[in-house]
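You will see two complexes here that share subunit A, one where it goes with subunit B and one where it goes with subunit C.
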Partner chain A sequence: MAKVHFTDFEGATQVIEATTGDSVMETAVRNGVEGIVGECGGSLSCATCHVFVAAQDFEALEPMEEMEDEMLYGTAVDREENSRLSCQIKLCAEQEIHVTTPETQV
Partner chain B sequence: MSTQTLSPSLAGADAPAPGTATGLLIIGASQSGVQLAISLRALGYTEHITLLGEEDHRPYQRPALSKEFLQDKVGSESLIFRSNDYWIQHNITLVKGERIESITPRPDGSGEAVGSSGTAYPYARLALTVGARPRLFEAPGAQLDGVVYLRSADDALKLKALAPEATDVVVIGGGFIGLEAASSLQAMGKKVTVLEYGTRLVGRAVGEDTSEYFRKQHTDRGLDIRIAARIEKIVDDGHGAVQAVRLESGEEIAAQIVLIGIGVIPNTQLGEKLGLKIDNGIVVDEHAVASDGHTIVVGDVANMPNPVPGSPSGERIRLESVNNAVEHAKVAAYSLMGQREAYAGIPWFWSNQGNMKLQIAGLSMGFDATVRREVPDKGKFTVLYYRAGHIIAADCVNAPLDFMAVKQALAAGKNINPDPASNPATQLKTLIA
Partner chain C sequence: MTSTPAVSGGCPMGYGAQAPADHHGYEPFAMEDPFPAYARMRSEQPVMFDERTGLYVVTRYDDVKEVFEKWETFSSENAQAPVRKRGPQATQIMTEGGFTTYSGLSARRPPEHTRIRAIAQKAFTPRRFKALEPLIRENVKASIKAMLDRGDDHGDIVADLAYSLPTVTILTLIGEDTSSVDTYKRWSDSRAAMTWGDLSDEEQIPHAHNLVEYWNRCQEIVARAHAEGGDDLTADLVKAQSEGGEISDHEIASLLYSLLFAGHETTTTLISNCVRVLLDHREAWEALCAEPKQIPKAIDEVLRYSGSIVGWRRKALEDTEVAGVAIPEGGELLLLMGSANRDESRFENGEDFDISRSNARDHLSFGFGIHYCLGNMLAKLQAKIALEELTSALPDLQLLDGEHISFRKNLSFRVPEQINVSLNAH
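Showing the complex of A and B:
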């Protein structure tokens, strides 16, 4: 099973087992992880699933497309080098990823 | 109206027993119903919540039905709002496949609803998140096999089941649903014709420039779009299935599927039974409370005061969008907690049509000037809407930076200087003032 480690802005972490092929956003929302909204359901329209990806995991991700890059300029908390929209991070089998959620998404 | 009582304390409508009926009954397992339940738990609401829906599915998200789900890019599981564990852990009871037939309210806001199964659902508070239903197309042949609508998961499943055998599709209605589905069906290899009765596409939601942009882009991509189309009838193939759509001009357009997307009608039936004020939906105040002072009404079905700061006093609006379902539900959750919170954020909308991503920030109604920004080789197209020199909205195609900038400006109550904004090389966020 894939696993996602969600750490909130205050440092509390929860680990959620994820279904292969689901996105990090879907994994969060379906399990009620606070800190990720995903209002548009993953269609890259709302920028409310912003996460900061741990350095060791960030490098392994597929590079982002221009649309995601542009959307990241509109997040509620300013983007950083390791920012991604979690709806665009699809989980592979046995993948383990560590993300931190921003203080607010809206 | 027949009622069935579960508890002696609820024996009669004339015998209010405050404090005995507990919990919140949410009728409508929709985006707004789900959000209301979730927001209440986040705010610390401790009463039991029942979330009841008439469809035989766990609560699911609708936007992908006309897009990714139709094209088999996502499965049904990814439409589900929350895991089963979530509902259990949060003490929220889901009831599927139940249609409420009657409601007996009491003066204190409590009451009892009875479903088509005969089960009674007593409640201390009631919320209606019942949404809207597709407007039916009325023309000869509208009942034929192969004529479909697209609102529910079952509608989408029916369309998906028909699709493999079809080569030609006629979409009646050039609004968001029609154009999204037309783009999807085209991507699935169908020859698609869109028939729009009005003089332009998406006439209710975007301005003329954006309508024309979509008409041209879709036409260039091979959609056959007919504006001001007049339909005589849907033609029977002789076996009760659709064969073509016949225009008043006499032209027949072949079709094995006719998809109707001509808007929705708010589901006011239960509101009428409750005696609530009805006017283009169920009328609510700024705290999502209906005219009886008790019933909470949220989302597509609610006619509410325009929530945009600075909008004309007394102006009312009914919004059909995910964003409104979410934000309105939050207002309603506070209201049920006895708190008064203003509607947060600026209304926004999206529509993905093939490789065109439309994002709309704000409400353009009442605009008196527009500014266009276009980067044709990148497929970027933006229209900014101004009222009395102040920005009120934007339609943005493949231009998320513009969308985000306008949303930020509106949320902050700021303006975007219109003159330099016409230069697409200038970032709008640098013009916010």
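Showing the complex of A and C:
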């Protein structure tokens, strides 16, 4: 079972067991994790599933594609080095990942 | 002219969707206040076959969202088809005029849609929008000043601000002459009327001429970008093509045909609705004057409560069902996002306007999934700038005669025609 550790901007963490093949955004939306909106449903059009990925997990991810990089310029809270759009992070079996959600996605 | 026969859709008999004689109060083209009928359909018949338009009308949140999500079953190919069949005169005008486009993106299907959207998306990015922010703000300020300078203390938010602002923005992005706002608005009105309106054959004629002109101009813009280059979206698309991007000139022109309509039509309505609804809920307007940080959230609530597009079509590619109601292969659906957005099962006190609502962003006014509105961020950026400037320059703005605002007759677009205000400037 893949696992996602969601930490909100105030430091509260919840751990969600995820379905392999789902994205981090889908995992959040299905489990009602606040702090991720995912308004467009994963079509890279809204930038409301912005997360900061923990350093040790960030390196292990597939590098982002150009369009995700472009959309990260449209996030409500400014992007940082470890920013990703969580709709583009698909979970592998047994993968464990730690992400922090920004104060707002609006 | 509501007696035109149904254009499509199978016989509803035996599918459990037949509408009662009063259609729960629903009138497909009436936009004044469709919300009581929406509420009745949600509770009495959430999937109703409307034999007047040949459409299965879907009104509940979960069902609307599910149909958007299941794009393999529910094709978008009918999204741009005329609701009322094109008459012989209009058909002749358009054929002879070389009108050969149908849709830029919204009515295309994967894999074609995926290919073109990927290219369009790269040319239509937040970085490009943000670079335009100072221009947008200047244009809003200039519009406010022009209203004030008239000296009669009155304005019409539609004509004096919302009409030109997003139109200038999209013309700038595309690299088209910004003095042609009136021309593009004329063409866009024709497009909205020809596709989603309720026109007789005779009434279609002037609009058919406009669409021919409009399409020819889109092709000219592409030819010009090939010849002259430039720093705009059209030039980017042409460049993408020359660097091996799989997109033809006809596809680029079709994309322009979409963007030069969708890129301002619904944003004009959004800005108009923001002012209309907020002034109609004075406490919300005053909250934004006191705390402008709340503006983005308020815009989402306006989109939920009163979206620019309240209904959008899909077509079933196989025998299927929605909410237990059978839809035959070829059956056409009208997803009423304007109703879904007020569904109590999703939005507590859904009929109330409340800018502090935490889940307003779950609205479906931009659609959902692969066809999600490409311009959503640009639309909201412009509404935000307009409200920031209006609340700061004209906090005492007041709606005049708000109960008599007329809305254009249309199946999908709910467009207020004028929003008269008193400026109360000191």
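Basically, the second predicted complex is superposed on the first by the 106 of 106 C-alpha atoms of A that agree within 3 Å, B and C clash if a C-alpha of one lies under 4 Å from a C-alpha of the other, contacts with A are read in each partner's own complex, and residues count from 1 in each chain.
As a working rule, a residue touches a chain if its C-beta (ideal position, glycine included) is under 8 Å from a C-beta of that chain, and two chains touch if they have at least 3 such contacts.
All of these numbers come straight from a predicted model, not from anything done at the bench.
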Fit or clash - subunit C, subunit B, common subunit A: clash
Subunit B versus subunit C as contact partner of A:Cys40, first or second or both or neither: both
Partner chain(s) touched by A:Met71 [first = subunit B, second = subunit C, both, neither]: both
Touching partner for A:Asp22 - first (subunit B), second (subunit C), both, neither: first
Contacts of A:Arg30 with subunit B and subunit C, given as first, second, both or neither: first
Subunit B versus subunit C as contact partner of A:Val106, first or second or both or neither: both
Contact residues of subunit A, present in both the subunit B and the subunit C interface: 39-47, 67, 70-71, 73-74, 106
Subunit B to subunit A touching residues, read off their complex: 38, 42, 61, 63-64, 67-68, 77-78, 80-83, 85-86, 89-90, 322-323, 326, 344-345, 348, 350, 352, 357, 359, 398, 400-401, 403-405, 407-408, 429
In the complex, subunit A residues that touch subunit B: 19, 22, 26, 29-32, 34, 39-47, 67, 70-71, 73-74, 106
Residues of subunit C touching subunit A in the complex: 68-69, 118, 121-122, 125-127, 129-130, 296-297, 300, 361-362, 366, 368-374, 376-377
Subunit A to subunit C touching residues, read off their complex: 37, 39-48, 66-67, 70-71, 73-74, 76, 105-106
